[in-house]
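Structure first, then comments.
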Amino acid sequence: MAVEIGGIGQSVKRKEDARFIRGKGKYVDDVKLPGMLYMDIARSPLAHARIRKIDTSKALAIPGVVAVITGKDLVPLNLHWMPTLMSDKQMVLPTDTVLYQAQEVAAVVATERYIAADGVDAIEVDYEPLPVVVDPIKALQPGATLVREDREQKDNHIWHWEVGDRAGTDRAFADADVVVKQDLYIPRIHVSSIETCGIVASFDKVEGKLTVWMTTQAPHAIRTVIALVAGHLGLAEHKIRVISPDIGGGFGGKVPVYPGYVLAIGASVLTGVPVKWIEDRAENIQADSFARDYHISAELASKKDGTMQALRVKTIADHGAFDAAANPSKYPAGLFHIITGSYPFEKSFVEVDGAYTNKPPGGIAYRCSFRVTEAAFTIERLVDVLALKLGRDPAELRMQNFIPPTAFPYTSSLGWEYDSGDYGRALRLAMDTIGYADLRKEQAEKRKRGELMGIGISSFTEIVGAGPSKNFDILGIKMFDSAEIRVHPTGKVMVRLGVKSQGQGHETTFGQIVAEELGIPVADIAVEEGDTDTAPYGLGTYASRSTPVAGGATAIAARKIREKAKLIAAHLLEANPDDIEWKDYKFQVKGVPSKSKTMQEVAFAAYTNHPQGMEAGLEAVDYYDPPNLTYPFGSYICVVDLDRGTGEVKIRRFVAVDDCGTIINPMIVEGQIHGGLTMGLAPALYEQINYDEQGNIQGGTFMDYLLPTAMETPNWETAKTTTPSPHHPIGAKGVGESATVGAPAAIANAVVDALAHLGVRHIDIPITPWKVQKILKENGVAE
Amino acid sequence: MAVATAPTTSRGQRTHKIHVTVNGVPHDVEVEARTLLVHFLRENLNMTGTHIGCDTTNCGACTVLLNGRAVKSCTVFAVQADQATVATVEGLEKDGKLHPIQEGFHQEHGLQCGFCTAGMMMTAVAFLATNPKPTELQIREAISGNLCRCTGYVNIVKSIDHAARVMRETAEGKA
Amino acid sequence: MRFEGTLDIAAPRDRVWSFLTDPKQVTTCAPDVQSLDVTDPRHFKVVVRAGVGPIKGTFTMNVEFTELVDQGHATVVARGQAPGSAVELRSTMDLSALDGTRTTMKWASDVTVSGMIQQVGARLMQGAADKITQQVFSCIKAKLEAPVTA
Amino acid sequence: MIPASFEYAVARDVADAIQLLGSSGGEGKVLAGGQSLIPLMKFRLAQPGLLVDINRVKGLSDIRENGELRIGALVREADLDMNAIVRERYPILVDTTRVIADPLVRNMATIGGNLAHADPANDHPATMLALRASVVARGPKGERVIPIDEFFVDTFTTVLAPDEILTEIRIPKRPAGGGGAYLKLERKVGDFAIAGVAAMVVMDEKGRIAAASIGVTNAGPTAIRARKAEDILRGQSPDDKTIAAAAAAAAGESKPWSDLRGPAEYKLDVIRVLTQRAIRKAVARATGGK
């Protein structure tokens, strides 16, 4: 029975596969409308420059070019700037100054994609170069080149934010037996979903209605943003329909509103015909929002016996030219204060300063709740630095310090209330799975022979499920999410959600939640998302929030239906509702299993034979504002071998033990972990976007921005423990991001561990072969 | 917005007549020389199952079979496919029956967002034709020109192995 | 990128000076000149095609002699664009007469390339810029040492 | 990324291709595999006026061994890899072709294109230098055979005239006691090389190196031959000291640049390390090992 239903805990094969394996997915670039025009964007080659003149005449002379839009054209419409979520504003097109390389300068609209590209090539811009500042630390020094002349405040400081007990922490450090300090730079990276961003905007002049197909993780929020930004042009919320069709990966990169979207909408409104804009990969990497770029200085105080006591962290956050962070929390550094991780620090203090530089604006999370990876990497590196200082085994030191299972719910010294956890169990399982003790022996023997292997651990605590309205909002809108469930007379179900899958398999997993709650086979449940005309209002999918928030809404909406269904079942069974129980996916008269009704029978009755005085139909809506976030966790162990000649790092094994509470679909969860681990591997060893002193992007295409292939990616080994969330309706915590959060520290710790006997304490990621080889050479152990 | 005064339709570029057989269906079309094969498939033939991911011959989302070989169709001009056969993801299912590679990706959860999937499957189809009994490492090598951001490759490798097994069994059954 | 060098030129200093500071003459050593438009003795606009092998850009360069001192010291700033890219070149030249027929020229050039050419060609930029710079200066030397024709 | 417009012509044969290139006023470019050229065109960093497609020219795709190994310029990397003669007797070519870009690119990319494009990060140049290959070019004045040492002029630049076409690569028959290997270090599959080293040795009966040749990828504006390293090896037994000295010499002859693939000093070390390893592998193959 259970298998047939496909409820919670079953590895149900994905429903969405049917179209994707046939090439029948519908992504934004697949949308083609009659008379549609194509837009392409001219971008600045310079990182900071005054625009003296934009000559569009040659572009306009190309047959097929319909129009060219510059910043000056947007001024009368008041669309040359747009607000960001961070109370900053961002240029749509510049009117006089460009602030970063690849910034949008003009848009060309043409009858064909190829002609639009020719038009871009034909635009001549006369730039006067201005001094460039790319380093946020230099940017915050007095006399630094001013990035934002438009602001009243004439420096590059955006905001200061601090949390925790400064004085108490300082005292704890002053009194501590042992203090370790480590500076870490977590470089700029880019999500680089294989599908880039794009939009088809179609404005119907007669109806005054705008329809957009758009690569967005949050269609409803986008509709509201459009209404707020362009409301003065008559685009009211009921006249805007945002459709987020199939999305080719998001990872946070498809949360923001990029200028290209606004330009395409503007072009469609002005021309009255549909306009398509699909960015190419160079535009995607170079101009779309980045992640990370945190300069961190972290200190940890402990007793001689290794008991951790206090944590003090100072950080400079590089936000580029505009603070356009896709950060729905109330804190400018997102959830960075989860940095106390899996350890019960008595005192801690974190301060972050935001800085403007001549770099593209941002940032976004890159598959984590905002700034959680930065936090997890820092604490898990710092624990290893402490272990080295004390001469302790890093696993043992973690075990000694973990917040014990009995302490949950646990409130951290920085104010987060952890829902549940059993950190020791996860680490023990990881150690047993990988054979930790034997690996340590092997390492000791190898060291004697001059061979370099390392073992790295990361026992991270995540924080996901944005989120409770006390911590989160977007433009004041609380971060609830929604589900609307309709059971049709024949017992088939339509579920509509406010979130939007980008590959997570919502059509399957949300069907399973409903199947579990209603006893209707998952095959009979259709899940729809991403169309603001039909779906209930929701804030979208990112920060691993779909399961914690929309999953909660779905379960509760289904339970509302079950409550009503129970009354109908009682009516059909001629029993008192109090005598009806939900058992084996059926309504039964208590103690009389033969007297039962299936949900299908009840559904039919809901339209044909419901009790007198009851409303017909069987449907429910729930808007769920979670009482708390959820705190998935895990322990990862990585084994690396280093090549003493080339400095290459080879990952031999990687065991990931994750605990994400109740698992809805084990197959999908495992797939999410595989993907997350690979996006943890990527910044640890490969990916980085760098800038030279002129602000030139280094790593702006897939030729130079190195996504790991199947050859660099190890065969991930996974295992799990299950510690349900006590406050979530089905006990689930969310899992999409855990592995990305946890993996980088495990890999970096493994490489440092391989070199620890040489006195190495830290290597900044990405750990390139030349960084390793330099250490080998300096210590005389290179081949 | 500066609006063009020039005529908005005509193009000055010389076009070339090509004859291409895509998934068994012949097409005679005129294309500009610079038209990339992937745009020809997507725009001229409305076959949108083949995707564009990187533009620089790195990601393999646009992989199709050109005369039976897996190539990145964003780095081939449509004119080069004159007189050639092209196979795309849309041609994998035959008579309502999924190709074993499609079954493999579904059974082993070899896809998430689905964007790289067509390219991965086309690469795998060509690969399995030359290597029906691959090792895990050989599968990984074979797909090393296709990038996936969602799956971490583990299940893609399993999917291809699954298909190889099914295809071998089918071949044995016929023999 | 900074390049520098010293050239011994078998030509008198005044001749070297007048060659280097005359837009019409000095641009004969620029790579593949498409057009030259002299605004005044200190300003000119030149369109060149430069690159290596199949990688070539057409650059519209605005050039200004920012310093011209006593037939001995000159600085020139050239700024230009190709679609998607920008280039800036700041050069200094210092001449000293070895004797009446020979001149030593110390030169240094700071070359900044931005945009697509820099990004895609970063791997090869140093070599390409070095090569083009060397070609320009060896051309200057060759032209100045060539027998003067009527 | 959309290429600029160009004229396109299919060459019927080599003579036709030469004629088409000659008529293009220097704006013509051969289209073979296109795997380097087309991306450059999509960035609009290359804007040839005419593409001469030689993919339909017959007779350029053969691999024959007749005294020497003759490889047609249009042979695709994947076919080179799968060729029985190459697999059996020229493992260094298998080493080389298998690390070029990725398997899909190798289905289109040609060996002639890899050489004629003259990217210092390409892999065949170093191997051909080590193999003492020569290339055959045909132009309006007929055919000429160019020793590989004279072929590469600079980055993206060879001695080929704008209306000359590379038609064939000739590799001397592998001598008795000969063996070779190519090793490359790259960050990930498909990335440009950090460095690569090709080594060929011929061992005499006494176990000494009778002849050696070494080519280095990404060692400057073109692939280079490490002649000093070759001198050190010649006549010596392949002991650790000799190999280390040769490897140090090979690094000394290289002039890599600092870039996204590492600082120059690191690349020099990699060249040294890869040279050692390549020599060892070449010696092992020459003496019957794998």
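Per-chain numbering from 1; labels A, B, C and D assigned in written order.
Heads up, the rule we're going with is that contacts are C-beta pairs under 8 Å (C-beta built on N, C-alpha and C of every residue); 3 or more make two chains touch, one makes a residue touch a chain.
Worth saying up front: this structure is predicted, and the values here are computed from it rather than measured.
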| item | value |
| --- | --- |
| Mutual neighbours - chains that touch subunit C and subunit D alike | A |
| Pair with more cross-chain C-beta pairs in contact, given A-B and A-D | A-B |
| Remotest chain, subunit B as reference, centres from CA atoms | C |
| Centre-of-Cα separation between subunit D and subunit B, whole angstrom | 29 |
| Computed distance of Cα centres, subunit D from subunit A, in Å | 44 |
| Centre-to-centre distance between subunit C and subunit A (centres being mean Cα positions), rounded to whole Å | 50 |
| Shared interface positions of subunit B, touching two or more other chains | 32, 34, 55-56, 58, 141, 144-146 |
| Subunit A, residues touching no fewer than two other chains | 113-114, 121, 280-282, 698, 701, 703-704, 707, 709, 711 |
| Per-residue multi-chain contacts in subunit C, two or more chains | 83-84, 116, 120, 122 |
| All touching chain pairs, where touch follows the definition stated at the start | A-B, A-C, A-D, B-D, C-D |
| Parts of subunit C lying in touch with subunit D, wherever the complex brings them together | 51-57, 83-84, 116-117, 120-124, 126-128, 131 |
| Residues of subunit A touching subunit D in the complex | 113-114, 117-118, 121, 280-282, 645-648, 686, 690, 698-699, 703-704, 706-709, 711-712, 768-770, 773-774, 777, 782-783 |
| Contact set on subunit C toward subunit A in their complex | 60, 79, 81, 83-86, 88, 112-116, 118-120, 122 |
| Parts of subunit A lying in touch with subunit B, wherever the complex brings them together | 13-14, 16-25, 27, 29-30, 32, 56, 60-70, 73, 111-115, 191-196, 246-249, 251, 267, 270, 280-282, 502-505, 667-668, 670-679, 701-703, 707, 709-711, 713, 715-716 |
| Subunit D-facing residues of subunit B, complex | 13-14, 16, 32-34, 36, 55-58, 60, 63, 69-72, 74-77, 79-80, 82, 123, 127, 141-142, 144-146 |
